[in-house]
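In this document, chain identifiers A, B, C and D correspond to the written order of the chains, with residue numbering beginning at 1 in each.
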Amino acid sequence: MKFDPFVIPFNIGLFFILIYAVVRSIIWFRALSRPDKLRLQRGFFGRPFGQSLKEIFLESLIHRKIFKTNFLLGYMHMSLAFGWFLLILFGTIEADIFGDSHLNPPYKAIFFKYFNPVHGMTGIEAAYSFLMDLILAFILSGLLLAVIKRFYSRVVGMRKTTKLKTLDRIALTSLWMIFPSRLLAESFTSGAYGSGSFLTGSLGSSLASFLPAIEMAYPFWWLYSISLGTFFILLPLTRYMHIPTELFLIFARNSGIRTGDQPGAFMEMQIYSCSSCGICIDACQLNFSAGITNIQSAYLMKGLRNAEDVRDIASNCLMCGRCDIKCPVGIELTPVRMIARRSGDSEAGSKNGIWKKYFPERHPVAPEKQSHEPAYGWLPEAKVPKADVLYYAGCMTHLTPAVKNAMVKILDASGVNYDFIDRDGGVCCGRPLMLAGQDREARELINYNSQLIWKSGATTLVTSCPICYKVFRESYYLNVEVLHHTQFIRRLILKGSIRLSFLRKKVSYHTPSELGRRSGIYDDPKLVLMHVARFQKTGFDDENSLCCGGSLGNTRISHDQKNKIALDAVHELTKADPDILATACPLCKKTFAGVSDTPVADIAEIVAEALSLPVPPAGRKGKKILKHRETANID
Amino acid sequence: MKSEGKKRIWAEYQKEIADDHYFYVRSCIRQSFFPGSEQFFLHFLGDVLGKDIYENPSHTTCTGIGYHADVVPLSTIMTVIARHYALMKDAGYRHIVISCVTSFGIYTEIFETWKHFPEELEKTREYLYKATGREFDLPESMTHTSDIIYKFRNEIADRAKYRLVNHETGEPLNIVEHIGCHYSKMFPKYGVGGAEFPNVLGGMIEAWGGNVIDYPERRHCCGFGFRQYLVQANRGYSLSNTTKKFSSMKPYKPDLVLTNCPGCTMFMDKWQYTIREMEGTVYGENGESIPVLTYEELAGLVMGYNPWDLGLQYHMVQSEPLLRKLGIEYDPADKFKTKDGRQMPLPQNLINA
Amino acid sequence: MEGFGFSVLKERHINYDANDKSIAEYIAEREPSFRTCIECGCCSATCTTGAFTNFSLRELQILLKRGENEIAREQISKCMLCGKCILVCPRGVNTRNVILLAREAFRKLMKNEV
Amino acid sequence: MHKADKKRVVVIGGGAAGLEAAGQLARAGCIVTLLEKESETGGHVKNWYHLFPDIRNSDEVLKYLVRQADHGNITVRTGVTAGSLEKNGKSVIVKTSRGERIISDAVVLATGFDLFDSRRKEEYGYDIYHNVISSADLEVMFREGSVKRHDGEIPQRIGFVHCVGSRDSKVNNLYCSKLCCVTAVKQAMEIKKHIENARVYCFYMDMRMGGALYEELYKESQESYGIVYIRGKVSEVSDNIDSRLIVKVEDTLAGRPLRMELDMLVLMAGMEMSESGMRLAESSDLQTAENRFFAPADHHFGSNRSNMDGVFYAGTCTAPMNITDTISHARAVVADVTDYFRNINA
């Protein structure tokens, strides 16, 4: 038997998806910027290739990262992805070895049992059949978990699961039908011919004992083929598009391509690579503290994929970056969201015509953002500071004068030649505007502050606010070194410029999102703290740190919701019962101080306190102490 | 609008109005701009009702305009008023009748000042004595001329030849009553009907058959405002207030504006011309402006006096539309003739003519 | 007619009924905390922009609510969105969103940029 | 034997304070005569429909008060007015409007307050413009279940004028009546419940939300009911040709005068010393304060005592109070009365 009509749906689907994948890849490649094209070419033919293959194996098939987060969820994803991969791989080998010819069309492998019903009775054939049944059982076990997850998400340890669209539902149903229909088709065929291994064989013989196996098998082969065909055709319109896209993404990323701040092919690849696994939803504090469950990155990606108006979703986010770190696909969720914030009123283009659905239009940048009318023409002529070290307290720090005063004390004690940029309040750094998607306006403030800094002749710029720090470092073109005050203080200690006594206090440290995840400064604050106090871990350290809730990134949530987030965060961070909850951001400090029973202090304040106590005599060099404590003083 | 509510308020604000023996003080504006009004008043009280009403030729301006324009100090104006009282005392009268609302306001203000600050009264006595050797007594009653006409409104109604109705349709005329601010806003107790819902003109209109209009800006100033109109640059302010008032009354289609204050009569009359020239707006019907009359002029009309004898032609807004509605016969040819029949020069730019 | 040397002045009254309050309604619908402002002025007192200009979020909010949109339209682009006002507002008004929504409303409803 | 047992106490006034005081005194053993000038007890509470801040039905409070005074030791006499009080040795003689002389060991004055007569603020045109009503009139409408204009139309734009007769030297009431602000907030919210699309404006001088949960109610009224608060006292009201009300006010926070047209205007009438209380004060030489309310012997620890031995005060005859405070004040008077009996017996 060479052919049967039931394979047609499968064949149509398979050819469709293959052609689509090629066309789509070409479109994406062409849309890449010139440097990115070069990067991708170099990456594809260079060292990153191997790395990409490894990553594809580990992440796309094994789903290692999901495993790390959640074993059951990882198993579910792995059984489906890796299991299916194995089934295809070994099925193809099976058809090649045991079939009536070599190099068969794919359907021969997929529907091998139908075309070789008596295969697998004895010997090596039986062993191979056993293997194939084992793989099928593996997949089915994952599928069972997936079904359970859909209806009872907590079983797999998920608080929330993603909500679906109609097309996703049809595709999901067809996906779910694939393996049970294969199981039943193979079982009935095995039952009729007395073949099959432990799963299909035994199920087949028991079914055949009371059902007409031959007659029953044929419809299930049809069902199996239709399920596959439907799934392939719907694939580009659903989240399952992530299966092929992720491969492309991995290559692109390993070639060094990044999201940047413009919409484009790489952003689209990332959008299509999201599998809606829902890990971002669980990571999101808006979900577990504020009860907001419809704005997480999975929904943003889905909205972008369907060319919906996502501005409400995009704006309602703390921009803390917790989901970026947790995303098993490694999508740069926060940068994508920043771009979405800047995009204009999209007219939901995908609504018209099936063609648009398969090849949606690129997300436009809002026309209003292209205007060049200056918004801040009123900015005053400012006095240029003249000093080696410039201190920019920032708007928020002016609301926490204790932090500012502590910094003044530290700067005075260090003996460096410094001056304020904004002693009595200055012009905003521009980052809050950027967070609201108003980059052009932000650029005006950036230019203003840049001029001041250029003219000052300074070599170092110190900020107290991580929000300012990030923008000074990334979006300003400066000839000075930009340091957050925790970095600066650490240097002062290392240089011995300030000598600090040790406070007999337990301190837990809250890593501000802007300083930690968004800027990568994890160690300096901790090391400074270890130098002056007893440092305690919180369980939410470094990359896993929480957002304080006060984030300027979110323009939508209410005061009560912010407070709820802050309260939950403080609760977690003070579990070890510290004397002080330390942070390194005036906004975090102010947000926490409103809800915390434990005193909240900026690291600068703690250091300033340590500065005022008498330092024990003996010629202990600051550097030594720091080195010593950096290694020894972790609880 | 509940008329019982208003009647209740009017009942609370009934002032004593003397019955006879009046000492009359004139108004600067009225005797110059609407001479028929004061003429009619004296004629009506003296000749028609046979009352004793006296005016002294030595009486001067009250200096109220100077006072409100900040050029006459309080002690000066108090002394001027004291002099009038001295004239009254010399003539043996005790009831002062004041023709001008500005003056009326000055008299009441000074009366109350002396009541609350007796030392000011003593000082004034001293100033007056030093300056003129005169002495004075406080009056027994202070009435505005409109109070007197209000008091005798029914006597006028009894003698009326015309009612305030459109003689063609039989409908009562819609009449806006405008009370001068200084009549009762400073001291409601001196006004018939108080400050919020004064009844001094409304009572006349109702007695004579007209319909009183209550419109949103009824309480608003006519736009006179001494300091505003005295300085050219500020006159826009004066004019704007008049505009506001007329815009507010326009929907009620008033046939006539009746006022009891010389300044109001003058400004509501003349500013209508100005607004028409500036912005082309007229507030009456059929492209006509609204005549603005004093209560004496209206009383005279009602009683059948010749409109030209009453001096209606000296207003900016001419009264012919009103006269036609009332069915009053008049001879246009006599309009600008002197008593002995000589033709006067014809004024230009008259409205409604 | 030659000039009088004066003219009828524009009324200073807020003509509440005639004024267009759609901008304020647009904001309040999406950010209900906008309604709860009690005009204490904390936001304006701490305002980074207000230190340099006559920008006042307090005044701006009330003018929008009264439909006096012109002044608000001129002023609204001055805000730098730094967020100090949010931290000091005793009423919990989400001031940054108020600004963003106001800008959006001017753009959408008044068909022009701010 | 308890010092208060079988002592004769006359309570003058059968409102919230009188009923509560009578009930508590009776439970302490006194023989109480309660005089009420009207034909039934309950005072102002019975005119109200819902009470702030929890929007509960006033009938529940009334029921409680009547139950308090339903006691064997209490004789309630309605339609009786107290004319004057006279000291006779240790006892106080109450002369009534019917010419009786009731001899008592102590008298509690619970003569309460009168609602400010809004007609005295002529510029608002109460009793002149049909659609200018008082807060008490609105409460009657709520009770009847329909808020309508005089012409039967459902009002769409409703304004509330705070401080009518309070904080106003023009009507000789410098004091704050304390309750009108929160009553306006409550009534504004209730209007919104009756008329869904109504636009409601409160014109206030200051929002005085001093009581428990008042501020919360205020914020809720803004956020969830969209009540618009305009800071400025209405200066004048007039009718226009469509018999809508034109209201003039300065929006002091916008720094501009404001004019708007309303379908209905509610005047938040303040509280004044009651006529009957004032007559008693005159006839019996009881001291009154500048605000015309009874002046208590001491503002800190003698707010229930008068300048006359054996005569005590309960409730709003001493100052504007809400129902909660009135009932507390009425309970407190019992302590002063029993103290007094202990001292005169000693």
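To be clear about the criterion, contacts are C-beta pairs under 8 Å (C-beta built on N, C-alpha and C of every residue); 3 or more make two chains touch, one makes a residue touch a chain.
Just so it is clear, the model here is predicted, and its values are computed rather than measured.
Of all the chains, the one whose CA centre sits at the greatest distance from that of chain A is B.
Chain A and chain B have centres, each the mean of its CA atoms, that are 84 Å apart.
Averaged Cα coordinates give chain B a centre that lies 46 Å from the centre of chain D.
Inter-chain spacing, taken between the CA centroids of chain A and chain D, is 63 Å. A straight line joining the Cα centres of chain C and chain D is 40 Å long. Residue numbers of chain C whose C-beta contacts span two or more other chains: 33.
Residue positions of chain A with contacts to 2 or more other chains are absent.
Looking at which chains touch one another, you get A-C, B-C, B-D, C-D.
Residue ranges of chain C in contact with chain B, taken from their complex: 1, 4-9, 11. Considering their complex, residues 119, 122-123, 125-130, 236, 238-241, 243, 246 of chain D touch chain B. On chain A, the positions that touch chain C within their shared complex are 315, 368, 371, 373, 375-376, 378-380, 395-396, 398-399, 424-428, 430, 432-433, 435-436, 438, 441, 445, 550, 552, 555-560, 587, 590. Against chain D, in their complex, chain C makes its touches with residues 12-17, 28, 32-33, 35-36, 38-39, 58-59, 62-63, 65-66, 68, 91. Across the complex, chain B meets chain D through its residues 1-2, 4-6, 8-9, 194-197, 214-219, 251-252.
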